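In the two assemblies presented below, chain A is common to both, partnered first by chain B and then by chain C.
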Partner chain A sequence: MIPETILSSFRDALGQALLDEKTIERSVGTRTPQAVYDVWITVDRDAFHQAVEHLCTNFAPHLSVISGDDLEDTLALNYHFSVGWGEPYGEITFTVRTNVPKTDLRIPTITDILPGAQTSEREKQEFYGIAVEGIPDGRNLFLPEDMTIHPWRLDLQEETSKSVKRLVKWETRDE
Partner chain B sequence: MALPRSFKRALWVFHVATGSCNGCDIEIVAALTPRYDVERFGIMLTGTPRHADVLLITGPVTRPMLPRLKRIYDQTPDPKAVIVVGSCGCTGGVFYESYNTVGPVDEVIPVDVYVPGCPSRPEAIIDGVVKAVAKLETLEKTGVGG
Partner chain C sequence: MNNQSINLSIGNGATACYTVPVGPVHPALKEPIRFEFKLSGERIVGVDIKPGFAHRGIEYMGMRRNLIQTLYLSERICGICSISHPLAFTQAVENAAGIEVPPRAQYIRTIIGELERIHSHLLWAGVGAHELGFDSLLHVTWNVREKCMDLLEQLTGNRVDYAIPIFGGVRRDIPTEKAHLAYEAIDYYRNLLEKMLDLYLHDKSVEMRTQNVGVLPYADAVALCAAGPTTRASGVKKDVRQDMPYLAYADMDIHAITPEDYGKAAVGDVFDNIVVRLLEVAQSIDIIEFCLENMPEGELTSIPKVPALLATLQKAEGEGIGRHEAPRGEVFHYVRLEAGREPPAVWKVKAPTYSNLMGWVPKFMGDEIADIPIIAASIDPCMCCMDRVHLVDGEGNETVRAKQELITLSREKTRRICG
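Up next is the complex of A and B:
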């Protein structure tokens, strides 16, 4: 699949809510190099659910994982999809990124579109302290139920270090 | 019935995880177990790179794994083929821009076959290994690399 196909369809569907787009091209292979693509888009939080819905109706994606970046004032959530399965060199890693302000940590669930997203959403909920609105089962996945801290948040590192014991010192291990 | 030339000998594979999330590793296990059963083709995982014909690499290259990956590549006897399994190893994928990774595998060692997917399906991995067989045969015929 060509990235422009997806991107132009998203431009039509989202309009102003598509805040940013980036296509990374890499050439693979030694004798006859082929281009493979990674596509990243940033969408507004209000249009996020619509964007995932648009992707699922038109491009049959596979949700790989949801990841997050703590950017001090905002939390960026990256939903990594892969689309175009089955074509040689046609599979694209397509990432939908949305920025959530730290003052208002909410994101709509996508389990109504992709039920399998629940595991990853539960993980983001406990590790970042973000509220996933409408998630059918919002219990903690990895952390104990009574744990109130959110270990991946950079602004809560002091609290985390009090409750979490560091077993291995990675900083000096490979020097 | 004579076996096709591509399967004239057993192909031994060494699996290196250079920082994958284990998704692709599980798919490799799926390819080995009875449903796909690659051992019927003579494709077998070995415990050491010194016995391997093919390196199967999963994941982006993390900084601690960089010297180890180079050493494993050097230890594999020629002729050898390198297969990268998964989007992370092919392009960086989910770990693109990560401060903890050196980059995709082909920035460290030469790669012959790329199997994309997050994770790759077992059929795709088997197809990748078969492509590597063809590559090994060419290497043997031309005498390049040993």
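Up next is the complex of A and C:
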């Protein structure tokens, strides 16, 4: 997969909603170096679902994981896809990033297009307190069902560290 | 008296659903996870999976330590994949900070990574045999696995947690005088391979228990983003070492192993999982041999002094992705570094079982209760050590109880019973 193929296809499909793009070329191999690519795009939240739909219709991606990045006023979500798997040197990583304002923490689910995203979406819900709209199963996955803190949110650290301290105190208490 | 009054209505009985919980602690499971099976008679018609019993907040901890401390933490994510996580993590940081890795270091990393694949697959094969009730095969397999563990100990000093990769290279060399140990192990496993394939794949009871059991169809494997041998058993030719080579894999022609390499069509059942993993042991032997024969001379690391390395990392700014094909599938690390900040601003870890979690559902559906252990084991799940227990009281309220509290309860019960 050549990065330009996928990028030009996204430029056509998304237009103004494609906010940013970058391609990182890396050289691998010690004998005859070859190039591999990491491609990153940033899309507007309103066009996010459309972007993933475009990706899944045309490029058969694999979703590795969704990572979150707390940037004070916004929460950046990175959807780490890889496309072109199945042949030697055929794959590039393709990360779709979208910024969600903290005042309106919502993102549409992509499980209607790629069912395998559910595990990662559930994890983002519990750890960042973001609402994934339309998720078929929105229960906590890794954290206990009654846990309400969101440990990876930087603005809620006080609450988290209180909870962690309480847990450590409880587990190490001398009876 | 009619049939209805004594409740002999066969139709209702056949369709009634029972719920059977398995786990978090259960003899069939090596690590804590809870399954709730919905059953119609002996058939599984639904399953709810609850992981999280081994959640230790490692990413949270990693984002509060410097990168070298986090590297050692990453090694302790899993006892079996104790080189896979550091390999992915170092690559992510090196990509983010633009640090070069000398060729010799790339080869050494690859050798240790492949040795880990051999011992992990043999461990899995033994567990699989045990779940089928074939314990003599378990003992044979784990006995031959020791050769690999011994070699790892001779090369790195440890059976697990080898502490080999460091940002920019490796911490230990494989000197020429130790290379013969690796060659010995290669010969040992090569001679064994035919026997292992015969024991596992030409045994009537293994065939009957594994063929068409726990099937993950090709389309489901792709849609559910499954990874590693689990997805390759379904015929999906997906392997990071082939698709997007890195380290010494970039100097070789690696191809993703599917059941087709054994001359059979991919079904995605437990049998195919065995085929793929055993053939991958053979592939790993070839890779190790290639690396030993073509090992480049030169430096072990591009920044040998730890204070200089820490200073370089502290100045680094950027983001990077590191991927490694671990024995169980793709390990993925994402790191974002900020200049002037010691810990990573973001560290996201994705282990293979995370990807394969949803693949369990189609695998379980339609199979029998007695197949639960081998299907659960077929993806080679890795949940790591348990730190807390979920208890459900009569009203269905879930609480978390600490280990100490359970010990107290247990002691009280012993006292009560003994009067």
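Definition applied: the second predicted complex is superposed on the first by the 164 of 175 C-alpha atoms of A that agree within 3 Å, B and C clash if a C-alpha of one lies under 4 Å from a C-alpha of the other, contacts with A are read in each partner's own complex, and residues count from 1 in each chain.
Going forward, contacts are C-beta pairs under 8 Å (C-beta built on N, C-alpha and C of every residue); 3 or more make two chains touch, one makes a residue touch a chain.
Bear in mind that the values here come from a model prediction, so they are computed numbers and not experimental data.
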item: Clash or fit, chain B versus chain C on superposed chain A; value: clash
item: Touched partner set for A:His80, first chain B, second chain C, both or neither; value: both
item: Touched partner set for A:Pro108, first chain B, second chain C, both or neither; value: neither
item: First, second, both or neither for A:Gly129, with chain B first and chain C second; value: neither
item: Comparing the two partners chain B and chain C, which touches a greater set of residues in chain A; value: C
item: Which superposed partner A:Thr30 touches (first chain B, second chain C, both, neither); value: both
item: Touched partner set for A:Gly138, first chain B, second chain C, both or neither; value: neither
item: Touching partner for A:Gly116 - first (chain B), second (chain C), both, neither; value: second
item: Where chain A meets both chain C and chain B, residue numbers; value: 24, 26, 28-30, 36, 38, 62, 64-65, 67, 78, 80, 82, 85, 89, 91, 93, 173
item: Interfacial residue positions of chain C with respect to chain A in the complex; value: 51-52, 55, 57, 59-60, 95, 103, 106-107, 222-227, 236-238, 240, 242-248, 250-251, 253-256, 296, 320-321, 323, 330, 332, 334, 336, 345-346, 348, 350, 354-355, 357-358, 390, 398-400, 402-404, 408
item: Residues of chain B touching chain A in the complex; value: 21, 23, 63-64, 87, 90-94, 96, 104, 106, 110-112, 114, 116-119
item: Touch list for chain A against partner chain B, complex; value: 24, 26, 28-30, 36, 38, 62, 64-65, 67, 78, 80, 82, 85, 89, 91, 93, 173-174
item: List of chain A residues in touch with chain C within their complex; value: 24, 26, 28-31, 34, 36, 38, 60, 62-65, 67-69, 78, 80, 82, 84-93, 95, 114-120, 140-146, 151-152, 164, 170-171, 173, 175
